[in-house]
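You will see two complexes here that share chain A, one where it goes with chain B and one where it goes with chain C.
Then we have the complex of A and B:
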């Protein structure tokens, strides 16, 4: 019986984009066990969201993630518009969906690029990034910002997308579609990608159900948990959409699911652009001031289900709880890397698409019992 | 094979990137760049201060005019949305890096 030795990756490591501490227990080059450690990028998002007016909190909650800012908007608005019973017109609902789906495209392209970089195919990385850049230009045109769109308010949007804006979005999607089809073909057939991804980080359907995985990771294991399909919200009620599913459950299946979702999202944007009622404008702000209430809501982020709990007291947010999809998926990491070769670990981690700093909430667990720390104690780093 | 033809095609194309400091990238007219407050129009109503998520915009107690700490502002345009006289607007300036901190007009905190 060999002894295992600890192989640390992180918290700061050239192959990690965000601070995450992976402890791999290896025997030779085979991973026997793995643990991950969080807490290096805690930003206190939830604390910052307390005591703000609802529209103000909306602009702050979007800053949780730099890649999927619109999905936080959608989940937050779905929650507050749900409990305050604010009706939104079709135009607003579809405009939000357009931004959200463009965001999914840009997120998946970014991810695909980084995944290819992780596999050593920097040419494809550049190509994916080039196509993504064009999507960012569309955001610039539609919402006024390339990353944090801030395009919505409770019950309305900030600006009415003009006909030219929508045409610009559609023509941009048309222009990248052909390239993306050829990249997808490459990803499907390239020997290096196939060798390094097929059968790596295998997750069975049963495991995926037990651990409650979400998003493309679960859909690659043949579980349909797409929030857009299962409980449609806003503009998705008006659109036809298919969930992309695969059965293999390995890193290659996850790659292909994401790339196929890009095409599905393009399809959705096209549908939404065609269905926007012509000549309508968004309602004037403010539509409704929200004074009291609480509720929950979920939206489908590029990485999976994004869940919000919002409680409003006297017109101010008293508590906002966010559960971002990475938290649900990263739990699978120790299981997924068990038995893998150490060289495959970066590929497996990347295939789960972790977005670390969005999901960091402080959890102190000692001897199996949880503890409550005050902010003062956290600041000092010790408990009285 | 697909990627090889792509590589060959791209060898004879113009570069996708632009020669940045010499050439500026094209941005949309709706782009939210550096924030600007028209001090003549501002009536000091505190609405922007109450609605700013980061506390970047504050009405000066002496002059009764709104002032923005550019280091804190996240360019969310919430203040422009609530301002009753619409005196807050966003310029198209996207090069907001500075060499000295005081150019961001920071407030004492």
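Then we have the complex of A and C:
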């Protein structure tokens, strides 16, 4: 009988961009079992959101993730504006969509670059990052911020995007489109990339349904669970959107779904810019106080469905629950790497596009007694 | 004596070549990149660090064994430029050179196993797997060049543009260089994203500096040897610089094959080398 030995990836490792401890139990070079240890980037996001006024909570929600800041904002606002019955003008709805879709482009370009780095193709990594940098310049132009855009308020936005702003966004997208087409062609046709990705980290449609996967990971298994299509919100109601789907379910399919989504997002930004009512401005004042209510809302983040539950009591948030897409997809990680060669593990993990810091959660069920957990116990996830 | 002076000059040049390699890759990446003398700064920094003795004695012996072997390699290469007066000019010294290249990698494997790091051990497993393919083919390819020209020592090898006489062996030699110099798509042995620093995962300070110098020397020695065999003595150094640019170009433009695909390709290379040698005999 073969014995397995532990091959650690993380918490700090060149293939990981965020701290995560991936324990691989290998027999030779084949992964027999995998365990994910989390807790290295826990920030207590949900706890910090409790007891805040809605506009203050919104400020914190936007900082849950450095990549999908706008999508958290949209899920939170969709929830709050839903139960508070706040109507938003078309301009605000479309402005939010523009920022969200630009965010999807920048997230997918960042991901594609890192994926190429995992494959050993650092030049393409640099080229993807170069194009992404231009999108960050567009954020700067539109919202005044490159990472945490913080451009929205309940019922309105902080800024009215001017005609020049929108033209800058469109011309930037035009300028990167040609390069991105050639990068996509390289990724799709390069023999070594195909060899490393096709058939790796295979997830069947049945498994994807069973485990409730979301986002591009599910769409690469031919499951259309795009919130923008199934439950259109804000400006998406006014736009024509095609879901990018593939049937293969492997790392290569996930790569192509994301790269094709970049072009679809460019199309959406173009549609939104053209549909913004000329001469309109956003309302000057936000809805200042929401006394109470609760509700749920979802938005389609770059990694998949971003689900928020918000409960407001006496003008303050009593509970905010965020289910980020990685939290939904994480269950599939150990299954995807089982049976793979160690060589393929970074590629498979990266193809699932984990975002660790916005996913870290700790659930403590209180029974009236206080408990003190050491940081080590938190890492292990169990009390001695 | 001249070969020692020449070898010393080559050692300094090898560190510059490492800087040129990095700079060229950076330009391919659309970056400014580090200055060409950055490897010197890195080595000075590493030599200034304290090294604590806490591992197996083999672990600490390997950097010294590797650097000594690399220096012997570069002295042997230098002897080819000195001519028949050299102390190191003896019959079939090219075979010794081939074995010394393989010996350096064997020392790395000893060091990796002694370190007990899972990354280094995986790296050594991959190296052993690849050795089955490239070690034998490397020796066969070297033999083809000398058999075709009828020369038996490096110092006597004064044939220019020998690649015309042995085209298949020339291509195979360049391909084998991908593994020896550790360039994508065949750099599975120290694949950063999987194995961190591979063989050198547990090394730091002076030990790591010695290993890095050994690698620099080995890379230049391979370039000089390939330049000597393919283009002749006069063009050996420019050809070595040409190989730096060629391998940097490949490093920048090619992703990495998986381990087993690399092993399969090198098995095919070994078969081709064998056929080429067989046809010659």
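Criterion: the second predicted complex is superposed on the first by the 360 of 384 C-alpha atoms of A that agree within 3 Å, B and C clash if a C-alpha of one lies under 4 Å from a C-alpha of the other, contacts with A are read in each partner's own complex, and residues count from 1 in each chain.
Definition applied: a contact is a pair of C-beta atoms (placed from the backbone, for glycine too) under 8 Å apart; a residue touches a chain by one contact, two chains touch by 3 or more.
The structure displayed is predicted, hence computed values, not measured ones.
By the touch criterion stated above, A:109 is placed in contact with neither chain B nor chain C. In the superposition on chain A, A:15 makes contact with chain C only, while chain B stays out of contact range. Of the two partner chains, neither chain B nor chain C is touched by A:349. When both complexes are overlaid on chain A, the residue A:193 reaches chain C alone and has no touch with chain B.
When the two structures are aligned on the shared chain, A:7 is found in touch with chain C, with no touch to chain B. Of the two partner chains, chain B and chain C are each touched by A:130. By the document's definition of touching, of the two partners only chain C reaches A:120; chain B does not. When the shared chain is aligned, chain B comes close enough to touch A:60, but chain C does not.
In the superposition on chain A, the residues of chain A contacting both chain B and chain C are 123, 127, 130, 190.
Residues 52-53, 55-57, 59-60, 62-63, 123-124, 127, 130, 133, 137, 140-145, 148, 150, 153, 158-159, 179, 182-183, 185-186, 189-190, 285 of chain A are the ones that touch chain B when the two sit in their complex.
Residues 25, 28-31, 118, 122, 125, 184-185, 187-188, 191-194, 196, 252-261 of chain C are the ones that touch chain A when the two sit in their complex. Here chain A touches chain C in the complex through residues 5-8, 13-15, 28-29, 116-123, 126-127, 130, 190, 192-193, 195-196, 341-346, going by the rule given at the top. Those residues of chain B whose C-beta lies close enough to touch chain A in the complex are 2-3, 6-7, 16, 27-28, 30-32, 50-54, 74-78, 81-82, 90.
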